[in-house]
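Just below sit the structures, each encoded as structure tokens.
Next, two complexes with chain A in common: one pairs it with chain B, the other with chain C.
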Partner chain A sequence: MEDLTKNLEISNLKIGAVNIDAAEMCSFKLNALIRDLVKRGFKEFNLHNVSGQRYIGAGLSGNIVFKVHGIPGNDLGIFMNGPNMYVYGNVQDGCGNTMNDGLIVVYGNAGDVVGYSMRGGKIFIRGDVGYRAGIHMKGYRTAPALVIGGRAGDFLGEYMAGGVILLLGLDENAQREVKFAGTGMHGGVIYVRGEITHFGKGAKREKINENDLQLIHKLAKQFCALFNFDFDKVMEQEFIKIVPVSHRPYGKLYT
Partner chain B sequence: MRLLSQVNNPYGDDKNIDGCALFGMINVEGTRFPFKDPIRAISNMRERGNGLGGGFAIYGIYPDHRELYAFHVMYLNRQAKRRVEKSLKEKFRVVLSEELPTKEAKVWNPPLIWRYFIEPNRSKVNEEKIAEDDYVVKNVMHINVSENGRALIFSSGKNMGVFKGVGYPEDIAEYFCLEEYEGYMWVCHSRYPTNTPGWWGGAHPFSLLDWAVAHNGELSSYGTNRRFLETYGYKCTMQTDTEVFTYAFDLLVRRHKIPLELVSKILTPPFWDEIDCMPQKQKQLLTALRQTYSGLLMNGPFSVIVAQQGQMIGLTDRIKLRPLTAGVKGDFLYLSSEEAAIRVVQPTLDKVWNLTGGEMVVGTVKAHAFVRLQLVTTLLGN
Partner chain C sequence: MKTYHLPEYIVKRNVKRCNKCKLCIEQCTYGVHYYDEKEDCLLSRDEDCVNCQRCVVFCPKHAIIIKKNPLSYRKNYHWTNEAITTVKKQAETGSAILTGMGCDKPNLTYWDKLLLNASQVTNPSIDPLREPIEIRTYLGKKSKQVELALNGGEVVLETRLAPQLCLETPIMFAAMSYGAVSLNVHEALARAAVECGTYFNCGEGGLHPSLYRYEGHLIVQVASGRFGVHPEYLNAGAAIEIKIGQGAKPGIGGHLPGEKVGEEIAKMRMIPVGTDALSPAPHHDIYSIEDLKQLVYALKEATGYAKPVAVKIAAVHNVAAIASGIARSGADIIVIDGVRGATGAAPKVIRDNIGIPIEFALAVVDERLRNEGVRNEVSIVASGSIRSSADVVKAIALGADAVYIGTAALVAMGCTLCQRCYTGKCPWGIATADHEISKRLNPEDASRRLINLLNAWSIEIKEMLGGMGINSIESLRGNREQLRGIGLSESELKILNIKPAGE
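Up next is the complex of A and B:
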């Protein structure tokens, strides 16, 4: 078999970071290389010139760190189970798909369905997210969290079953308010800084309580630390929450 | 060659469902550029296709014959070629005919492909008292329908050409020697047919006159749209959603002369509850549009790139079930299924954004205008 590692810059053979130039590398090859290196004990990866390669970090467990430069492809961090991933650019669709545990930090914007079916871990997006962020998020033993700095596309938290979405809406020039938020949701909670007026079926707006505020504080603090925002200023505005009307919205559909 | 035939749809459900890659770039100064960037970009999204369809529409490629219609025709066999050429000679003046230059490449079972530079037979056009373009449409449709898969005119515009077939786009490009062409606009498609085999005629872009359409997704409103268009004389013969887009744009823009701002409000209109909240005048306009053209409302997941001479248009469905990203750099507008494909040919962009549901993005040569139609809805009230 071809030695995929032969041209790599490995700064310290035992514990150091591995630099991978992903230019001209297809998704399969890049992921095979990463898995091979993880098996050999490497824990830190700097990925350069990433350009649309899919499934980066797929299914990996343990204390691994990825620093991604460029535009990673769809399903970044899919089924990921522990690693921390930092992306210094935008991400495409399906970031954090069915992620189990770990952290994804995006310094740009995210495409559609970020946090799709997420079951654990945290995702922080500095900028905007596309449509259906947090669709089908769930919480079983741990509650996943998705924090969005900018604005969200329509159907935020669609069919949400668990977990937490925090929409900060820090971009004051945002032209458009999220519509159909929480359509079909039957669990979990969406916190929104400011107001939104257009909900989907199955969702309702509620005032926040002390417990909510504690959770918002915790997530917002982490967000501000990651992206250098002024925490006090972020917290100046009021928050609302969107919760499901019922835990079994379709329970009587086929009776 | 068997795949030229449309009887390859074993389910008889009249349409294909696609999950594909789209890429388009236009230079608004009208400066022509070679194939390098478009091919690099579309092949960066290889996973979105499966090698069962790739194609290109290139605008500005035949400057020496700019006044003539350029027909690209696929033939199943020599008999079909003889029949079509006979009928072309009756209806048109054929100025130049030649086999399209091709070379060895990884494509599957190519048909015979010929190119004709033609002009309509003047006296016949006058006799029928119809516009020249309509005369061309009528005859293209007639030939395509009567040949029933044995021959297909898949490109019929002026100073533009479609090159497509069964293979990955980069292989199709090699097959058609696209390194020999230059254009100011390239629309590229990589296909992933999911319920019919790929066939040469079914690859995108689909084209009629100057229109070329590359499409990702599915129109659940296909039946309604098709019936509406058939009442205006269009014949849907391709079993793809793509031709419905083409005819819809041809009807609204070329024949009904409706400005693009309003075309987007017909194809992907605001929801009724949004219209209810609009100022009176705007409400009246949008209500009238929805009522008049209710049969052209496009539902279902899609993103589409539509091109005509001098213009590239991007559009997504109303609830954004397929991706489309726009990027601007200097005189170039890029549209792509994935941002990474734009960045791979242009790492630094002046502006980049993901289209919102129902948003139309238009790049027009000379006008230097990139219009985000979502933002000009307020103008509709004036």
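Up next is the complex of A and C:
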């Protein structure tokens, strides 16, 4: 088999972090290289010139750190189980898809279905996200968290079964508010900074309580530390929460 | 509201035989039987009886029989009893009628209209008791050509072969999720798969920790709800199956009623206790063949290209075109589930009206992939309605590489097709998540029944192959010369691409 590591500078391999120039690599080659290096025990990766390569970090477990420069393609961190991933750019669709554990921090915007069926770990997006963010998020005793700094597309938290979504909406100029948030949700909670008026079927708006505020504090603090926002200013505005109307939104549909 | 529909069944008790042991009360999970102290006799609430036959089998005095209620409505071929009852039920509840198992309507079984061939005088038949007949089957992409090289006098294979599943008999256990069926059922299927050298599919509800030891004989499923999907789960599978659809409910998603979602199931699926587990119709990252390809490769990337990826679809009208796309998506196996495929819960109207029989789907998919020169890219697994070894042989002659059995496996373990799986009260301990009821199924005993079934079918398959003068199942695959149609129209024969009997 071709030695994918042969073009890397050996000096790189000796120190902890591996620098990989992804400019001329297709998804498969880049991921094969990463898998190979992970097998050899490397734990820190700086990926440069990333441009649309898919599945980065797919299914990887353990204490690994990725610093991604550029725009990774779809399914970044899919099935990921522990690694921490920092993206200095935007991400495309399916970021954190069915992620089991770990951390994804995006310093730009994210595409559609970010955090699809997330089971654990945390995702922080500095900017906006596309449609159906946090769809099918799950949780059993522990809860995955998705924090969005900007605004979200429609159907935020659709079919949500567990976990926490925090929508901060920090872009004051944003005109459009999320519609159909929480459609068909039967578990979990969506926190929204400010007010929204349009909910999905099966979801309702509620006032937050002390426990909610604690959770919001914790997540917002982490968010502000990561992206350099003024925590006090972020917390100036009120929050609301969206929860399921019932745990069985379709319970009466069938006999 | 007073209910206007009549009880479907009537419980008949022979009071002379009945010794009032009350075993029937204990066995019935629907609470049909009860003891009347004043009269000192056993009575029944007929309207709750589902005709599962549990009490009939277990009554030590054989004092019980269940009969279809003869007090039916006036005979009407169009307005059948079922049609009338359904309207009455819906008028009372305003709900869709839920049902379990596969479509029970007539005229959809084409296996019985296909007849197999045997050798006479010319091309002598083979005696499987004396001569080896190969039924081992490999599922996965087959290389168009292989390159060999000489390395120091030794011949080595240059071509990298795609990962394969190796089946000692061309029969696997179809996807049935933990939640839909009990853990004991999974355990029984797993043990039988190991013993028979085949695979069981754990369905879309995740894999119980106690079953990870069967990983060499396991196919893990990934459905739109992504229940129980994590790297350890994916790596445990000998293959991964993406579930797009299933024959019992094409176009709608999975639905595990809240009644069956207890603590254990909730933990596995990571959803609240008592909630309906919904796997909506689409995967929200798949809206095209290109997107499907993306998930196929995401799964391959996550598992290091070490295992085949299957895609399961329901047999629908344009199944050939869809299969053609799947064959180009990087998938290694296509699973096609016909209209008679079963389920733990589906709206009845969907189960009974949507999709096409597997026989037609199989024939057109095999034909299309052959014509396009991509048949080697994927193996085809036929599912939905396989009742016997003859159905298996006919499916393979129509173009399948192997089959999945679901209903047949459940029947082997005790299922009587009463179609009430969705209640979670299966008196046979099969389609239940209830701890107590599921104890009724002993995994050791049930796996023995499954092993016996597969062994019996394997012998029969060999007998039929031998009779045709074929000593390897590969020579039967897509071999439609071995099939003839009986009572089929010209166009049906054309689609199946078989000759009528006598020609």
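For the reader, a short list of remarks on this structure follows.
The definition used in the following text is that the second predicted complex is superposed on the first by the 247 of 255 C-alpha atoms of A that agree within 3 Å, B and C clash if a C-alpha of one lies under 4 Å from a C-alpha of the other, contacts with A are read in each partner's own complex, and residues count from 1 in each chain.
Note that contacts are C-beta pairs under 8 Å (C-beta built on N, C-alpha and C of every residue); 3 or more make two chains touch, one makes a residue touch a chain.
All values derive from a computational prediction rather than experimental measurement.
Annotation for chain A, partner touching more residues between chain B and chain C: C. Of the two partner chains, chain B is the only one that A:Gly153 touches; chain C does not reach it.
Applying the stated contact rule after C-alpha superposition, one finds that A:Asp75 touches chain C and leaves chain B untouched. In the superposition on chain A, A:Phe231 makes contact with neither chain B nor chain C. Looking at the shared chain after the overlay, A:Asp93 reaches both chain B and chain C. Within the superposed three-chain model, A:Cys26 lies in touch with chain B and out of touch with chain C [touch as defined at top]. In the superposed model, A:Gly52 makes contact with chain B only, not with chain C.
In the superposed model, A:Arg176 makes contact with chain B only, not with chain C. Overlaid on A, the two complexes show chain B and chain C touching the same residues of chain A, namely 27, 54, 74, 93. By the touch rule above, chain B contacts chain A in their complex via residues 44-47, 319-320, 323, 338-341, 343-344, 352, 354, 356-357, 374-375. Those residues of chain A lying in contact with chain C across their complex are 27-28, 31, 35, 54-55, 58-61, 74-75, 78-81, 93-94, 97-98, 100, 113, 116-117, 119, 132, 135-136, 138-140, 158-159, 161-162, 184, 186-187, 247-255. For chain A in complex with chain B, the residues that touch the partner chain are 26-27, 50-52, 54, 70-74, 90, 92-93, 109, 111-112, 130-131, 153-155, 175-176.
By the touch criterion given at the top, residues 89-90, 93, 95-98, 224-227, 229-232, 234-235, 255, 257-258, 266-267, 269-272, 274-276, 278, 280, 284-285, 294, 297-298, 301-304, 345, 347, 422 of chain C touch chain A in their complex.
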